[in-house]
Amino acid sequence: MPAPRESTDRAERASTASVGIYGASGTTGVELARLLHRHPDADVAFATSRSESGATLDAFDPAAPRIPLVHPDEADLASVDAVFLCVPHGTAGPLAERCVTAGVRVIDVSGDHRLRDADLHRRTYGSERSEALAERAVYGLTEFARDQVRDAKLVANPGCYATASILGLAPLAAAGFLTDLSIVDAKSGVSGAGRAPTATNHFCSVSEDVRPYKVGRVHRHVAEIEQELAAHDPEGRAHRIVFNPHLVPLERGIEATIVVRGADVDDVRSAYARTYEGEPFIRLLAPDETARIRAVARTNRADIGVCDVEGTDAVVVTVALDNLVKGAAGQAVQNLNVMLGLAETTGLEG
Amino acid sequence: MPAPRESTDRAERASTASVGIYGASGTTGVELARLLHRHPDADVAFATSRSESGATLDAFDPAAPRIPLVHPDEADLASVDAVFLCVPHGTAGPLAERCVTAGVRVIDVSGDHRLRDADLHRRTYGSERSEALAERAVYGLTEFARDQVRDAKLVANPGCYATASILGLAPLAAAGFLTDLSIVDAKSGVSGAGRAPTATNHFCSVSEDVRPYKVGRVHRHVAEIEQELAAHDPEGRAHRIVFNPHLVPLERGIEATIVVRGADVDDVRSAYARTYEGEPFIRLLAPDETARIRAVARTNRADIGVCDVEGTDAVVVTVALDNLVKGAAGQAVQNLNVMLGLAETTGLEG
Amino acid sequence: MPAPRESTDRAERASTASVGIYGASGTTGVELARLLHRHPDADVAFATSRSESGATLDAFDPAAPRIPLVHPDEADLASVDAVFLCVPHGTAGPLAERCVTAGVRVIDVSGDHRLRDADLHRRTYGSERSEALAERAVYGLTEFARDQVRDAKLVANPGCYATASILGLAPLAAAGFLTDLSIVDAKSGVSGAGRAPTATNHFCSVSEDVRPYKVGRVHRHVAEIEQELAAHDPEGRAHRIVFNPHLVPLERGIEATIVVRGADVDDVRSAYARTYEGEPFIRLLAPDETARIRAVARTNRADIGVCDVEGTDAVVVTVALDNLVKGAAGQAVQNLNVMLGLAETTGLEG
Amino acid sequence: MPAPRESTDRAERASTASVGIYGASGTTGVELARLLHRHPDADVAFATSRSESGATLDAFDPAAPRIPLVHPDEADLASVDAVFLCVPHGTAGPLAERCVTAGVRVIDVSGDHRLRDADLHRRTYGSERSEALAERAVYGLTEFARDQVRDAKLVANPGCYATASILGLAPLAAAGFLTDLSIVDAKSGVSGAGRAPTATNHFCSVSEDVRPYKVGRVHRHVAEIEQELAAHDPEGRAHRIVFNPHLVPLERGIEATIVVRGADVDDVRSAYARTYEGEPFIRLLAPDETARIRAVARTNRADIGVCDVEGTDAVVVTVALDNLVKGAAGQAVQNLNVMLGLAETTGLEG
């Protein structure tokens, strides 16, 4: 993997970067505002909300900074170096085009530019986008893409489940270890489903429950994960997965328990050790240790554990990350840092 | 499956049954006391606690009935028709022997009589037991064993994870559909780990976490599940599983998401429909519906959902039950009902 | 207090009662359906939902019985002995009138008939109602009103916070012990706020929070509580309270910590002991024991604890109950039992 | 109040401060390690644990930094400028003496030096301490004591409940507004009870409960609160409180709802505005807004809300803070900053 670049010329940069957040009142937007608020080298020039302009961000989350929300039409693109798009897919596509045309670099947190194949995108998201622009988008799982992110005009920030699954499976695809269907059993905190109140995220529906949903190959992130596994396979082979997501009663975090077949447990550990050596945000756990959410909550780190399954050809890999940080806003800031030539860890907790 | 027998001669029974609970202050003991307290045809003659005799049960759980706890030496075996053993494994073995010798029927909720093979038992639990007695024990997953339970002297009540896994996998083993390793990803509420306070069940350790533990083939229930799958296989073939348990922040309930390979989804559904037809405590969900804990909490019911995985040879089965009820105390009462010739649903919620 | 009447002529009753639930898909409606489903002497003839007719109740809560929902216009009033109104205030008023005119007895769970004074009602709820009918309504806190409930055409079922507060304060008002402002600090589970998803009951807003709201004398239940305190005062004096409600991260239950001044702690205990002697659903705790929610959850019981405050003239009273049971649906069933001449505890857990 | 001093000569300080933590494996110790780990001007030279030396801190909390724990006898006092005592009361007293004698400044997080009166201390804590040293201790509620903290040898860091209560009541005592018993109803997250596993902090005991405990004037923090109210009263008058603490199902945070009598609501607001003007860690909310835990969790801030109670002479004050931060470790760091002449906000989130 390309090494994270320590910014040696930091002192020479004339000023802090100026960024904008579109769709700031959603879960990811609020988390992004919180991270950028503490970021030493980036200032939030504007934060938009189509329906809530006039309010301040802390009206949506009492722990958010008191940043005023403006209508997107009032956002001054000329004032910023980069923007984050936290608007719904379908809306992000056209907005990204406008920003890039205006010379502003874009980190798209929606799903609008994650899938390279136009047909697959349409089938998965059903939303319009500029295919010309989509072709230039960089899939921004930073650990694998920092060289392209550095100069990208448009970064497609990965999905939360996708980040966990790809961190666990891509090194194995790259090493040629994925010879069979991989099984990913994922559990997510409720913030992954957004801020809009629904029957599903009502406290009395979530508490004291575990709820599997969209199991198999139905969840949108499956397309994104399988696309990246093929991309990491040295021969470009397709790799299917069974992806079973579950809603669990906690606010933030994803834990993915992955079962792969036919690989040697030591080879699997070595593949991770090699791939993630020196990575500030990836921690390979001791043999037979498992990854848990409490260890990574509110950080940009992903933990990875590898366990043998005695008497079988299976290996169990556990991955944990914070869906709002490494799975969304934190990785977006990590990508911003790369784009700005800053140390990748700036403003982030590892 | 042998049909649940409706007790037609209920009116003729001279009196309610009298039962005892050994180890009543533990999680399962308390749940059992609660269920028996409401049971119309059984009275609790004694409830024991070695360390807590003199207290009443509600000292351990404010929602428990105010039943006095006596020292086990004071328990009058002559006064009861049957006993439940909620004591730790290793202790249950000798106690079962004493009870059976005294002519009292035993439902052993511990692991001491679940594994038929003596070596496997010793490797798994490391505890002494009478092998002669163990040979006569009936593995009491009621839906599959009611004919033997009816006249059993000693019923080995299944483990909570084992009940969920076997309900999901045994019909497939019986139908010859298990041709590959099955993957069971299980999530359990905290009550599954017992009442003794530990660093692991401290509120501040559990909340906002998902924690995989003993993944692979390390958990004790694996032996029990694999034993039963072989028993259900018409040709007695061994079936290995990968069993990945997780601790999640809720009090009660187990959800198991199972991936099987090589079986047709309609055949799988048919196998369940056939096996569980008329079962009062098993509910087969509509196609593509998934089982969730809130639907079964505080009932003796298990829900089973079957989902196709498009483009693969995998089928996803979800099973949910209450670990304290169908996974422990409720199934114990279900077994008691069978032993007493009562309707199986007496005192239980379906 | 009038003693609960044991129904001695139960065997002579020709048939079980037939009841209807209006507004069954709300939180109280679902709880009521669950309780009535297990009730040995009452059948649910219809359950209505204006917006959700055609669905079954378990679509709104997976633990609810699978009762079909019909449009209120299809509900056959002629088929029932009594109805429960779980519709919003403002809607309950006219509906109650129609039912009573049709000769059907009504238990109104809304706030439409709780306040006797027409002006106070209008200021508090702003809703229309028939004042002629309101005058005939019985305020159904069963322990205090069973003699009037027995023959009532219309019972106004008390609010959840009001039930907890009145159980704690009315015996003191009756004994002349309330000589100063009483302070009620109440904490409620999220189910108290209903099933409609809002920003306030989103899991990610409730978890890890304690949130005071409508503190002082702003909450609607204040009017109801103060009305009843005056009614219990032998001289009809007004008693003001400070009522501070809080939203806490749990599903069900209310705990009220009440501070009264100027009364002797032993006198306070005696007043409760006298008032609640023989009451099946009220438990007076041992001196200095405090009431907690876990002890009463899913029961129709209220626990009351009395604690001295050394060196002051204050007494602390703690009251706990399940807001959905004794605070709503359970008390409604308790009232139904009284109206039907059944044992008050029928179908309820104490 | 003395204004927080902005450290203007920061650049001239030769080096970062070196500090030690005694009793680092407890809840407060871990939080302190976490805060100091991020502190730009302080390094943790040692962290001790009598029973767990050899382990690293993250063994006790997966989110803690991986700091090695040494036996207290191995801690090199000569290497540090200041120490934090997170050991139990009774142990802190003698340890403080040793440190002060060695010329090391002490911030005692235990209760050993909070109470000035020797008799009151003995009655409250029953622990030995050097009265000579206790006399020199500064009660370190920073907003009120920064001038004495600056040069203190020994700072007694306030209790969590005490911090919330004093922030709410001291300005009113100082203004002469406390003319009657004040009622404090406090709710605390489970971390307030420490890390040692007990029946009380077991997940299955805490979840779905609200539990009042030690109500009245029984809790240890009452002595500390009443001591400080007398100290703030211009005439030194005693002020009694009724203090009712509750355990609620969340990890961190305290909310205190305080009722005071006989004061004008505008005067109360003015007293807070005057007292806390310019304070970086105190936020006075808008009129009728209430303080909630989610707004302050993981920050060193306390929020204060003031609400009128129409028709009475009562005012309701709500205070929220994070018991582990402003209520313990954060305030300890705030005190360290003052002692070191740093900006008070260094390393803390407001």
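Should a chain be cited, it is by its letter among A, B, C and D, assigned in written order, with residues numbered from 1 in that chain.
We take it that a residue touches a chain if its C-beta (ideal position, glycine included) is under 8 Å from a C-beta of that chain, and two chains touch if they have at least 3 such contacts.
Because the structure is a prediction, the values reported are computed rather than measured.
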item: Repeated interface matching A-C, over half of the contact pairs identical, chosen among B-D, C-D or A-B; value: B-D
item: Chain pair showing more contacts of the two, B-D and A-D; value: B-D
item: Rounded Å distance between chain C and chain D, as computed from the means of their C-alpha atoms; value: 40
item: Centre-of-Cα separation between chain D and chain A, whole angstrom; value: 38
item: Centroid distance [mean C-alpha coordinates] between chain D and chain B, Å; value: 48
item: Of all residues in chain C, the ones touching two or more other chains; value: 207-208, 249-251, 292, 294, 297
item: Chain D residues within the chain B interface of the complex; value: 27, 60, 190-191, 195, 197-199, 201-204, 206-208, 249-251
item: Interfacial residue positions of chain C with respect to chain B in the complex; value: 58, 61-63, 208, 292, 294-295, 297-299
item: Residues of chain B touching chain A in the complex; value: 181, 183, 185, 187, 189, 205, 207-213, 215-218, 240, 242, 244, 246, 248-253, 255, 257, 259, 261, 290-294, 297, 305, 307-314, 316, 318, 320
